[in-house]
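In the part that follows, the structures are each spelled out as C-alpha cells.
Both complexes below contain chain A, partnered by chain B and then by chain C.
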Partner chain A sequence: MSTTTTRGVAQPAPAKVSKDRPRRGLRAGSTFNFWLFTGPFLIGLIVFVFVPIGWSIYLSFFEARFTVTPSDFVGFENYTQVLTDVDFLNSLVTFTVFAAFIVPTTWAFSLGLALLVNRLRFMRAFFRSVFFLPTAVSYVAASLIWKMSIFNGVRFGLANTVLSWFGIDNIAWLAVPDPPWYWLVIVTLRLWLQSGFYMILFIAALQNIPRELYEAAAIDGAKPGWQTFRFITLPQLRATSTAVILLLLVAAYQAFDEFFNLLGKATWGQPPLVELYKMALGENQNYGAGSAGAVVLTMLICVVTLLQGKIMGFGRGEESK
Partner chain B sequence: MTTTAPEIDRTTAQPAKATKVKRGGVIGNTGLYLATGVAGLLFLIPFYLIIRNSLMADPEITGENWKWFPADIQWGNITEPFDDVTVDFARSMWNSVVVAVLHTSGILLVCSLAGYGLARIPYKHANKVFYLVLVTLMVPTAVTFVPSFVLVSSLGWVDSYRGLIIPGLFSGFTCFLFRQYFLGFPKELEEAARVDGLGYWGAYWRVVVPNSLNFFAAIATITFINGWNAFLWPLVIGQDPSAWTVQVALSSYMTNQTVNYHLIFMATAISILPLVFVFLFLQRWLVQGIAQTGIKG
Partner chain C sequence: MSALSNSNWDRRNVLRAAMGLAAVGGLAACGGNTGRSSGGSGDALVQYFHAYGEAGTEQAIKKYAKAYKGANVTTQWITGSNFEQKLFAALLTKNAPDVFEFHPQIQLIKSGQVADLTDIIAPVKDDFNQADITSHTVDGKIYGVRMIDDPQFFFYRPSLFAKAKVEVPTTLEELIEAAAKLKTAKIKGAYLGNDLTPVQNNLIWSAGADTLTADNKPAFNTDEVAAGLKQLRTLFTSGDLLLGAPTDWWDPSAFIQGLTAIQWCGMWAMPAMIEALGDDIGIFPFPKVGSAGKQSVTNGGWSMFVNAKGDNVDAAKEYVKWLWIDQKEYQEDWATSYGFHIPPRTSLAQSATKLQTGLPAEGVKLFNEFGHFDNIGWTQAMISSVNDVMANSVRKDDDPKAQLDACEKKVDTELKKLFG
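And now, the complex of A and B:
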C-alpha cells in the first residue's frame, strides 16, 4: 500500500525533470498507473469469469460426472443429451411463457405507477416509497410470503380466505400443474417485487420530458389524457421503454429464486436455470451436461440480447432523426 | 369498482381543464388519490402479512376464521428463530452480514479503480481492455454459475466466505457504470490536484473519491441490497448449513417437514429488517442511483 502510494506521488517528478522529452515519461507513468488501477479487476475478471467459461466449454465435451478434471472425451454427446432432454426443452417453453406474461405486465404496471405518482402533489414521496419498498425484499422472502400466506393452498391462506367469502372452494395454487394457477402466483410475486424499481426509471424519464411539448399540444387542441399520453408521453419514453424491456427480458431469463422456492421439487414449470441447477448440482452432479446446458443458454441469451438491441436500437435511431 | 368510478369522473372533468395545462380539479384529484391509495394498499399487503403472522400464535394463524390482528401480540416470537435447533438462524444472519458488507466494499474498491483507469488514464491498449469488460456484459452472471462453481470447488472454496464473496467482486456492469461516471467527472479538479504534485493514485484518493461520494453511496446501496438478497450463488456454495446465508436458511424453512408459521415469518421479518433500515436512511441515494445508472446502463 505505502509503496504504491509513494510511487504514485513520485510519478510526475520525472516528467518535470526531463523537459526535452516529457511525453515518454508521462506515457510510461500512465501505463504503470493504468495497470495499477485496472490490474486487480482484470485479473479477477480473467480468473473468475473467463477461465470458468473456458473450462466449462472444455468440460462440455467430456464425460464429467462427480469430477471437474475428466479424461473421457465424448464430442458433442453432452450437447445432444441436453438438446433432446425433455425437461430442458420444457424449461425453454416455460421461460417463453413466463417472459410473455411478465415483460408486458411489468412494463405496463410500472409505467402506470409512474404516471400516477408523477401526478401527485401531496404525499408523492410517501407513495413512491410504498411502491418502491418491495425492491428491498428478496425473492426468497417474497416466495415465503406468497407460498405460506397469500397463496397457501389450505383454508387459511389469504387468497383462499377471500375466495371463501364469495363461497368459492379452496384452490391448490402451487400443488398441481393443471389448471396452471401457479402462473398467477409467480407473476404476481415478480410484479410486486420489480414494479417499484422500473417505476423509478419511468418517473425519472417522465420528468425529463419538456413541459413545452404538452403546452404546445394543448394549444393545438390535444385533449389531456389519452391523446397527449399516446402522442407525447409514450414516444418520449421510447428509450426508457426499450431499456426496461431489455432489462426485464434478461431478468426473466435468469429467473431462479422464486421458481426454486415456490415449486420446489415439481417436475413441471421449471425455468432453464433450475434445470441447469438440477443437472449440474443435483443427484447426478453431471458437470459435462450442465456445462453444455450453460453454453447453450449463454448463446441463446446473447442472440436474444443482440437481436433485441438491434431491432429496438434501429427503431430508436429513426426516432431521433 | 373503486378504481373505475374515478376514471369516469376524470373524463368529465377534462373539458374544464383543456384550456389550462395544469391538471387537477377536486374530482380528478380524488380519483387520482383513490387509485394510488388502492394500489398502495395492495402493495403493503405482503408487509402486513409478515407482521401479522410473525406476532401471532400458530393456532390463530391456522384457525377457522381469518383474524386481521393477533388477539395477544406474541412478543416472545421475536427470539424463537434464534432458539430453533433445526436451522442455525443466528449464524446465517451473521454470514449474510459478513458477505453483504465485504461484497459491497470489495466491489466498490475493485470496480471503481478499474472504472477510473478505463475512463481517465491514457494507455494504448485501453480500448482492448474495455472490450474485454463489455464482452462480460453479454453473459448474465447467473447463467455461468455452473462453470464458476466448478472453479470454486476445485480451489477448495466451497462453504467458505472466500467462495461466497470473491467470485462476485468482478462485476463488469459495475465497472462499466463507474467508467461512465468518471468520464463525466470534471477534469479541472484532477488537473488542480496534478499541479499540486499528486499522481494518478494520489489524485484519485484525495480529489476524485471525496468528490464522488454521492455516486459511491448510490452504487453501494444497490450492491448491498443485491448482496444481501442473493440466493442462487449462496445456495450453490453453501453446501453445509454453517455456510448458509439468511436467504438459504429462509429457503430451507419452506421445505421443512413441520411448519412453524410464526417462526418462519418472524425469521423473514428479521431478515428484511436491515434492508428496511437501508431504505429509510439511504433512499435518496438509492433513487438517484437507479435513475442515473438504470438509464445509462
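And now, the complex of A and C:
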C-alpha cells in the first residue's frame, strides 16, 4: 500500500527541482545529472503509473470482459452501470465510515506518541524505533495475525481471553456483522501499522518548533501543559498536521488488503477498492466497469483532496508570503 | 524565526520520506517468479494446484511431475483461500498454466479455455465413476479428468453425544437442538465453517430443491429453502455455533482441538482425525430440511484441465494422460496416502484397501447413498451469488425470500450468457 499512498506527494518533487535549477545557475553537465537522477524514477512513473491510468480511462469506455484490448465502444454505459450499482455506492458509505474512524484516531494517536517520545530523556531512539517498526510489516501478514491469533472467535484468542477474565462471553469478532465488531479489528490493525510512520513526521515537526517560542510564552505567563500545547505546539504543527491528514485520507481511500483478508465472503464492510477488485477481477473479469469505477474513484479523491486543501490551507505557505 | 521556514522544512522531509518509500515499493513490484524456466523449449509445462492441507501433498505432486520424462513440468502451489480468483486471473495472461486443477464449470468450456480431452479418456471411460464422466461432459465431449472425489459431511464425537444424551440428528431442527445440548463452556455445539458457505448447496438439496433443473433453469428458489435459511439463522445467532475459528472448515484442527462437537468437513481430513481422536469419530449427512427434504452429502473433488489457449496443448494432454490415466500407482498414492479421497476409477476404488473398513468405508457409503456430484452448469458466478444469500440472510438479518429472488435474477443472467 505504501507505494501508492505516497506517490501523490512524490510526483511534484522532480518538477520542483527543475524549476529551482536555472536560478542557481547552470554548471556544465548539470542537465545531464538532472536526467541521470530523475530519469529512472520518471520512466518508472510513466510505465507503471501514467500508462496504466491512461489505459484504464480508455478501457472505461469499452465493453471489456475477459480482455484488456477491447474493440466494442460503449460510451458512458460503464459509468452509468457503476454509478447505479448499489454495491459500489454502499462501498463509498463504507469508506466514509472507515475514514471517519481511522483519520482522527490515527492523527491523535500518532501525535500523542510523538509528544510522549519527544519528552523522553533517555532511550528515545529505542522507543522511536519500536513505534516505527510496525510500518515495515505487510498488511497481509498483520491481517493474518489479527484474524488468527488476536481476534479469532474461540476461547483462546487473545482478545477473548482478556474478556473472559471479566466474565464476558466469547465474541466472534469477524464472523458476525451485527454488532459490527469487525470495525474494531480493522481500525486497530491500521492504527498499529501506520501510526508509527506519522509519529516520525510529528517528531520531526516538534523538534523544529523554536525553543524561544516556549520561553517567551513562559515569560508571558502561559502554563506548561495544555495551554502551551493548545496555543503554541498545535499551531506550529499545522503544516504537518495538514499533510498527515491528507496522507491518511488518501491511504483510507486505498484500503484493500485488510478488508480483503479479514472479511471473506462478506457483503458488508467492503471499501471501494475491494468492490472494484470484485468487479474487474472477480468471476466476470469486467475490466470496462472496473476501470470506470476506478476513474470515478480517482475523481472523488481529487475533489476531496482539493477541498481539504482549501479548508485546511495545504500549500498556502508560499502564497501568504 | 518564522513559522514558514518550519513548515517548508517539514514538507521537504515528508517528500523525501515519501520518495524513498515509493522507490522501494516500485522495486518490489518488479519481482515475481512466473514459475517458467527461461529456456525456449516447447516441452516446459506449468501446472497449478491449490494448496492441499495434508503434509506431503506438495512433495507428492512434484515427485510425480519429476518422474515424467516427456516434459519439464513445474508446479505452482497456490496458497490462500481464493484459488479460483488467482487461477482465472492467471488464465488471462501469458503466464497462464498449461495444466490446472479445478472443478467442472461450463463457462471454461464456452469460452474455449479448456481443451477437449475425450480422446485420452475414451479408452478407460468405463472404468470411471459414471457420475464423474457426466459432470465433465458437454455435448458428448469430455473436458476434464477427475483426479479425486471428495465427499463432504458432518463429523461428530460420539463420546460427547453420549454425555449430552443426543442422538445423531436427521433433521435441521434436531441439529439445532443437538448443538444447543452439546454446547458447554469450553466446546461449541457445531462448526459449519466461518462463513457457513460450505453447506449452502446441502441446504438446497436437503430441502428437496436443486441448484439447477436438468434443462438448466434455477431450481433453488423455493419456500422450503427460504425456511431452511431462516432456521440456519436461528442456529447462527444461538451462540451454539463455533464462529471465527483460526482454521476454516476444510481443516480438521477445530474438531481435533475440541473446539466443537460437530464439524462440517471432508473425507480428506479422516487420517488426521483418526490419529488424534482414535475411534471417537462418527459421520452423518446434512440433515433433512423441512418435511419433503432428504439428507445430502456434497461429492466435491478436483479434476485436471488442459489450457486450450496455451502454447503446449498437446504436450499438456500427453502429461495429463500419463499421470492421471496411465499411472495408477501414483493415482492411488494421491488418493489414499495423504488425506483420504475416493478414486474416481472404479478399479482403483475397489482395490484401495484403506477405504474398505472403518470410518473411511462409512464415508464411501454416504458418498454412494446421499452424494450430489458437481453440476457443470453451476458456475463460479452462481456460487458467489448464493454466497451472498448466505451472508445477507443468515449472517445478516435480511429476508431469505427476497435474497433468493435477487440471487435467482443474477443466476438467470449468467444462464442466459451461457445457454442463450
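Convention: the second predicted complex is superposed on the first by the 262 of 321 C-alpha atoms of A that agree within 3 Å, B and C clash if a C-alpha of one lies under 4 Å from a C-alpha of the other, contacts with A are read in each partner's own complex, and residues count from 1 in each chain.
In the analysis below, contacts are C-beta pairs under 8 Å (C-beta built on N, C-alpha and C of every residue); 3 or more make two chains touch, one makes a residue touch a chain.
Here the structure is a predicted model, which means the values were calculated and not measured.
In the superposition on chain A, A:A205 makes contact with both chain B and chain C.
Once the two complexes are laid over each other on the shared chain, residue contacts for A:E275 go to neither chain B nor chain C.
Of the two partner chains, chain B is the only one touched by A:V130; chain C is not. Contacts of A:F41 after superposition on the shared chain: both chain B and chain C are touched. In the superposition on chain A, contact of A:T267 is made with chain C only, not with chain B.
More residues of chain A are touched by B (comparison of chain B with chain C). By the touch criterion defined above, A:A243 lies against chain B and chain C together after alignment on the C-alpha atoms of chain A. In the superposed model, A:F66 lies in contact with chain C only, and not with chain B.
In the overlay built on the shared chain, the residue A:M148 is in contact with chain B and with chain C.
When both complexes are overlaid on chain A, the residue A:D178 reaches chain C alone and has no touch with chain B. Chain A residues in contact with chain B (one complex) as well as with chain C (other complex) are 4-5, 7, 9-10, 12, 41, 44, 48, 147-149, 154, 200-201, 204-205, 239-240, 243, 264, 281. Residues of chain A that touch chain B in their complex: 4-5, 7-12, 27, 29-31, 33-38, 40-42, 44-45, 47-53, 55-56, 59, 68-69, 113, 116-117, 119-120, 127-150, 154, 156, 158, 161, 192, 196-197, 200-201, 203-205, 211, 214-215, 218, 223-225, 239-240, 243, 247, 250, 253-254, 256-257, 260-261, 264, 273, 276-277, 280-281, 287, 290-291, 293-294, 297-298, 301-302, 305-306. Within the complex, the chain B residues that touch chain A are 10-11, 14, 17-19, 21, 23, 32-33, 35-36, 39-40, 43-47, 49-50, 53, 61-63, 66, 110-111, 113-114, 116-118, 121-123, 126, 129, 132-133, 136, 138-140, 142-151, 153-154, 166-167, 169-170, 172, 175, 194, 197-202, 204, 225, 228-229, 231-232, 235-236, 247, 250-251, 253-255, 259, 261, 264-265, 268, 271-272, 275-276, 278-279, 283, 287, 290-291, 294-295, 297. Residue ranges on chain A touching chain C, taken from their complex, read 2-7, 9-10, 12-13, 41, 44, 48, 66-67, 147-149, 151-155, 157, 169, 172-178, 200-201, 204-205, 208-210, 212, 235-236, 238-240, 243, 264-268, 281-285, 317, 320-321. For chain C in complex with chain A, the touching residues are 1, 3-4, 6-11, 13-15, 17-19, 21-26, 28-29, 81, 85, 88-89, 92, 111, 186, 194-195, 197, 239, 242-246, 254, 259, 379-381, 384, 387-388, 390-392, 395-397.
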